[in-house]
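All chains are identified by letter, namely A, B, C, D and E, in their written order; residue positions are counted from 1 within each chain.
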Amino acid sequence: MARRRYKVSKKPVGTSPGTLTYVGQEIKHATKIKRVEYNEEDYHIDESGKLSACKLPPGDTPHVLWLDVDGIHEASVVGALGTQFRLHPLLLEDVMNTEQKPKIDLYDDTRASSAGVFVTLKMLHHNSRSQEIDAEHVSLVLGANYLISFQEERTKDIFAPVLERIKLSSGKTRRNGADYLLYATMDVVVDHYFVVMEGMAEKLDDIEDRIIRDVAGRDTLARLYALKREMTLMRRYVQPLRDILGVLLREESPLVHPTTMPFLRDLLDHVNQVVETLDSYRELIPGLLDVYLSTTSNRMNAVMKTLTILSAIFMPLTFIVGIYGMNFDHMPELHWHYGYFMVLGIMTVVATAMVIYFKRRGWM
Amino acid sequence: MARRRYKVSKKPVGTSPGTLTYVGQEIKHATKIKRVEYNEEDYHIDESGKLSACKLPPGDTPHVLWLDVDGIHEASVVGALGTQFRLHPLLLEDVMNTEQKPKIDLYDDTRASSAGVFVTLKMLHHNSRSQEIDAEHVSLVLGANYLISFQEERTKDIFAPVLERIKLSSGKTRRNGADYLLYATMDVVVDHYFVVMEGMAEKLDDIEDRIIRDVAGRDTLARLYALKREMTLMRRYVQPLRDILGVLLREESPLVHPTTMPFLRDLLDHVNQVVETLDSYRELIPGLLDVYLSTTSNRMNAVMKTLTILSAIFMPLTFIVGIYGMNFDHMPELHWHYGYFMVLGIMTVVATAMVIYFKRRGWM
Amino acid sequence: MARRRYKVSKKPVGTSPGTLTYVGQEIKHATKIKRVEYNEEDYHIDESGKLSACKLPPGDTPHVLWLDVDGIHEASVVGALGTQFRLHPLLLEDVMNTEQKPKIDLYDDTRASSAGVFVTLKMLHHNSRSQEIDAEHVSLVLGANYLISFQEERTKDIFAPVLERIKLSSGKTRRNGADYLLYATMDVVVDHYFVVMEGMAEKLDDIEDRIIRDVAGRDTLARLYALKREMTLMRRYVQPLRDILGVLLREESPLVHPTTMPFLRDLLDHVNQVVETLDSYRELIPGLLDVYLSTTSNRMNAVMKTLTILSAIFMPLTFIVGIYGMNFDHMPELHWHYGYFMVLGIMTVVATAMVIYFKRRGWM
Amino acid sequence: MARRRYKVSKKPVGTSPGTLTYVGQEIKHATKIKRVEYNEEDYHIDESGKLSACKLPPGDTPHVLWLDVDGIHEASVVGALGTQFRLHPLLLEDVMNTEQKPKIDLYDDTRASSAGVFVTLKMLHHNSRSQEIDAEHVSLVLGANYLISFQEERTKDIFAPVLERIKLSSGKTRRNGADYLLYATMDVVVDHYFVVMEGMAEKLDDIEDRIIRDVAGRDTLARLYALKREMTLMRRYVQPLRDILGVLLREESPLVHPTTMPFLRDLLDHVNQVVETLDSYRELIPGLLDVYLSTTSNRMNAVMKTLTILSAIFMPLTFIVGIYGMNFDHMPELHWHYGYFMVLGIMTVVATAMVIYFKRRGWM
Amino acid sequence: MARRRYKVSKKPVGTSPGTLTYVGQEIKHATKIKRVEYNEEDYHIDESGKLSACKLPPGDTPHVLWLDVDGIHEASVVGALGTQFRLHPLLLEDVMNTEQKPKIDLYDDTRASSAGVFVTLKMLHHNSRSQEIDAEHVSLVLGANYLISFQEERTKDIFAPVLERIKLSSGKTRRNGADYLLYATMDVVVDHYFVVMEGMAEKLDDIEDRIIRDVAGRDTLARLYALKREMTLMRRYVQPLRDILGVLLREESPLVHPTTMPFLRDLLDHVNQVVETLDSYRELIPGLLDVYLSTTSNRMNAVMKTLTILSAIFMPLTFIVGIYGMNFDHMPELHWHYGYFMVLGIMTVVATAMVIYFKRRGWM
């Protein structure tokens, strides 16, 4: 059997809640941490990755601090960051649990051990090898003037474009606070949804085209099913973003400035567009399937008609020649001089009549 | 493969939000701008299209200003208008993004860089060449005493009937403010939905008729599927208008006068009628498909019955003539004087019995 | 093609809103207007139909005024009534637009040009000729002490039973105000829904019976589909009445007295019953279809089995007789004295074995 | 045709609302009325059935009065009770209309002509003769210290167990007021839903078993459809009880004591369990149907394979023997000494090859 | 027939509410009761199981009391505990009714005879023998400083891991109150849902793989249906947990401390994940079925094509040899010297032409 398609998060039964366990693919590399500090005037990037440098900034710091953590498979690293930024153990569990579905937690009340906004979501890539969609687990922690972003260790840093914009001082990133940085990182993730959707739209276009032009085989159907599965699984990843952004827009956390609100509304708009497009695509698939099934049915009809026409022509003929193959002593026709040619003539008439009949009935 | 049917808005990943990118069909013509000023007494139309003349009118102007922008493919033009009317960059992005779904934004709070109502919606035409529905991206910006309407550059100015009514001083347009103009432009768009629906209703009528009268072929099914796809995509364009009008009716923006409310309610009513009609049509399609499939199935049944009747008649006959074709030395019947005619008689009886049997069973 | 089944309201694109256009069937007769005045003591009916007599009654009139307008195809008549009773132009448009879906408008605020309750709904009849459901457009305008009812001009006055009760002074109609008259007219319409439902229930009963007893042909399926279409279209007409009555019950318009409320609640109850019965019927149809399709499938199975049994019996026999029809010089069996009868015996055994085999397998 | 399965309540069109009309099966017996009075100390049962004794008890009576009316077909009896207990005419109409769906009315405001709680619901029995579910119309009227229960006249008094408990002074019935009695009577009705469900579960179990074990015939499918119809119709009867109990729990009528609340909540719980179980059963039916259809399809496949194998073996053989049945003067093989046996050998090889081929392809 | 799959809770009709009746499997063992007392400093476990020791602790006790009741089949034991902890009879009925669906009751008002939180839920195990899911009925009663857990008597104590953590003083259990213990026991139950889901995901993976690779037989379909049934039934058990946790989070019972809230939110999150995963799996099943059905259809097509090709090749050949088997006196070809070989040649040409024709049509 091929690699497992359906995965379910499963920590060992009865483990104490808040235990840090990594359930994703095995990773060999060490965790990479980028420390970025910036404001409108200047910026500073520290790629040394020393954990000790990753401390909660003082409340009156004039810079925005961004910790970009590339790798979530080392419980020690995630745990240490959790301690330094006073993050709730359940939250750290969610950072490491790659099967955790997207969610938001507002730790802005005194009951939680830390104030802030916690968001996890899924970065999606189309895996060209397996022809399936890979989901990368991303978590974002927003504090008063800092953002920590966690991503699975892969070949590419998914937040590179954001860092690029900080370096170039282009865009609005440098002028705004950590909340805008939260938006910018989420925006990169949502942008990728459109790329994945684009790939799906192309596939759907191709499959639809094959089915309508009647050149689809059984593998086309398997592809259609695979596409539907991808869309169903993708919806599970994208749909919760509606709630996440809804909470950010509604709850009016003090960490999110009013000027960031239009951007979050715009992002929600994009997420809605992805979900609605997915839904309208998924709605079309049963109809396509029906066209395919009716095609199969029509083909069988054609095959059956061919067989029936064949039988209708040759069964009477074979019967006639059988008659004159009989060995009766007294069969007058056998001794007629043109008997043979008469029978050949009769058979031509019978065959022609059959052909005309089936042409009239529209079977030929 | 034919032209792409499914399109997904895709700005380059990681682009800074608010970047103006046009994603529609390539356009060669320059943007045309009509500047219309009117009140109950007089009106003035300036088709020179000078951008410099398009300025935010002073708050106490006695005229309503309408800028009808025909063409959204030039980032420079849209950007310049955005600056002069102090429109938010995200809003301008939506003006140019032809794949943006219909939405409303009330910039009536101090947090946004501009006060006003922003609406984007889709003008729908039936494209008689591709037999599909073309969507034209339309955006409307309502300010205190002005309206800016953006439309894609096509052969026709879709708001011509509104301009006509302003010229003729007929209708209520001249007596009312910019909010009524917003309603009037949206009303033109919704009127076209009924035209498109009318075309779909005709198609559905025709397909249903063919299927019920049993003259439908595989292409009828493909047309039915295409109709369903069109309805599914159209619903995506029309459905959001409910929310848009709901927001306008509920939020009681100071820009919308109470006298315009009944007109907006009436418009919402029309939109609801379109959506509900679409839904009831779409609901009928699976049933039609079932009738078609059962027809195919019944036809195959008829073919199979023909084959079986043929076999049932000729197989025994061929067997009988085979018997008397055998070369045994001692076959008494062969030497009987009327043996041949007896066999012919027996075969007539067998064939008649078969025909009677199948008639009784209702197969013939 | 038969008459159009799917209709979409379509006023000419770009027409000024509030323009009165009639879109229904062409009517030759003039509009008939009945003017009824009544209170608990006496009543007066004026069938002269003079438009000039149809004036807004003074606020302190001791009678209830009922204008029963039979015919909505004359824009001049509807327009004149609109002027005399100060009705909003959009409302008059809805009176004449026979494709307008049921709706309610409470003009009880000062923003509208007229105070009152406006209701449009659909009278349904089963058209025994086309075997389809005809919808008649009905509009009701409730004022302080008057009711105007508009109906399409047909052979029958649908509100005749209400008038009868006013004449007979039976029922509660004479004791109550115009709001009770509104209820009474709506009640007549809803009563007819039950009649139409009754007809549908009979059809469903009959179709179900045919399918279960396996005597259904292709026309049964077409009838089932037609029934589903009727139910789907009917639901569109009945469903909005829920909202209409919901608004009347919730909004507590000063025009509706508390004593009328239980009657409206009862009416809502009846409407709910119609909608829920429709829904449960519609839910059963796919199951019926599956039974029908499986029947078709079973029949084909039976045909195929017959063919296979025929072939299994005669193919070996024909082969055997073919063997002894060969002309080899040395075929010992041919010269045996009882060779012929042995072969006949063998063939009987083969045929019997086949029959037993298929009986065992349950195919015969 | 068998008895009608789908019934629609239909009072004559245009009848004045509140007219008492009985629409159920014809009943010959007279209405039976049981008059029960009880409190914690004693109880008194009067089965004389005199209508005159059925009067509204004074407000300060120390007993709970229960009128158990067995028979709702006599308009005079229901009308008289209505007058004595000051019940609204519309309410009495609902008592007699056996097609009325379950509903609740709180007449606890001064606008209604009587204060109280009115509930109608459906008692369900499995009718072992028709194999369908019979619904009996039950109505309950709760006043300050009395309860009137109306039931259709059938062989059994459905509230007998409640009366039994009052007599035995067991249970909580005697200690509590009329509101607990309302609960107790509804509880008996809901208990019967479980009995009916139990029967359905057994049927579903049996049908599923037959289909999975592949011994299902066309009648199994008809039974499955009948089961679905029953579930759909039953849901219509049970579902409204959710709202009825919801209203009782939420509205906090002064007639319902806080101590009765947990019992009503428990009852709601049971109703929810019935509805959810029904829904999960109904959801399984399409899947079962698919298994059945695929079984039919597989069987046809088997039949076709048999036919094809038969043809593949005997067609070549019959052709070969045909060759040597030809009468050419010069056919060398015919004169070979072992020609006949060689041909027999060749045919054995051909037949064996065919069998091996089909075994390899998995067709045999 | 195998054991019953669908069960409906059924206490005898008309039984007084609150009567304790056990409806599960028959159990022979006596109920086991573990009495656990702990706080941050020490703990004490009493497995003697004496009922008399199970008393309501005084309000100011410094320990948390946990009664773990293993066995709910003895009405006397459950009744005695109910009396000692002053639990409502309806609640005890729910403890013993193994068919009761999951629910929550907050007895935190003075109207109930006891204050506290009552939760029932279902422990799920995959039964490897019946390949089905076993549900174990679990009830939890939370008081000011105690928790009573009821479970069905099975081979394993499902709360063993929680007891283990109390003994080891690991985890947060010892530091927190009875509300955290409630969370910890529910968490164990929800953890098992993931185990069960994991098993389902494996099954789905396997079935999907077989269907896509076209090696699925009828038993695969039966397994797919069984999987769907399991998922449908499981959803019924898991879904109510959403409401249960929603009530705990929303109602802010004084018994639940704010520090426990994040844990309950986390648990709700897990439950949501289970439900959504179940839903997305269930949504994929119809698509899989369609692929399977189309495979069956394609196979029949292949069989039919084989038969038709066979017939198309051998029918003409058999006809030709039949011609020359006729016994006419004058058939010139029979006397040609190479007549036989010419006919063999013609037949080779005919057969080859047929093969080429079917290859071109793509049937071979």
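In this section, a contact is a pair of C-beta atoms (placed from the backbone, for glycine too) under 8 Å apart; a residue touches a chain by one contact, two chains touch by 3 or more.
All values reported here derive from a predicted model rather than from experimental measurement.
Path length between chain B and chain C in the chain contact graph, taken as the least number of steps between touching chains: 1.
One finds 42 Å separating the Cα centroids of chain A and chain C. For the pair chain C and chain D, the distance between C-alpha centroids works out to 26 Å. Counting partner chains per residue, chain C shows two or more touched chains at residues 293, 297, 300, 304, 307, 311, 315, 318, 322, 325-327, 331.
With chain C taken as the origin and chain D fixing the direction of travel, the chains line up round the ring as C, D, E, A, B.
Note for the complex: chain C touches chain D at residues 160-162, 164-165, 170-173, 184, 187-188, 191-192, 194-195, 197-198, 201-202, 204-206, 208-209, 212, 214, 258-259, 261-263, 265-266, 269, 272-273, 276-277, 280-281, 283-284, 287-288, 290-291, 293-295, 297-298, 300-301, 304-305, 307-308, 311-312, 315-316, 318-319, 322-323, 325-331, 363. Partner chain D is touched in their complex by these residues of chain E: 1-2, 4-11, 13-18, 88, 90, 93, 100-101, 103, 105, 111-112, 218, 221-222, 225, 228-229, 232-233, 235-236, 285, 289, 292-293, 296-297, 299-300, 303-304, 306-307, 310-311, 314-315, 317-318, 321-322, 324-327, 331, 333-335, 337-340, 343-344.
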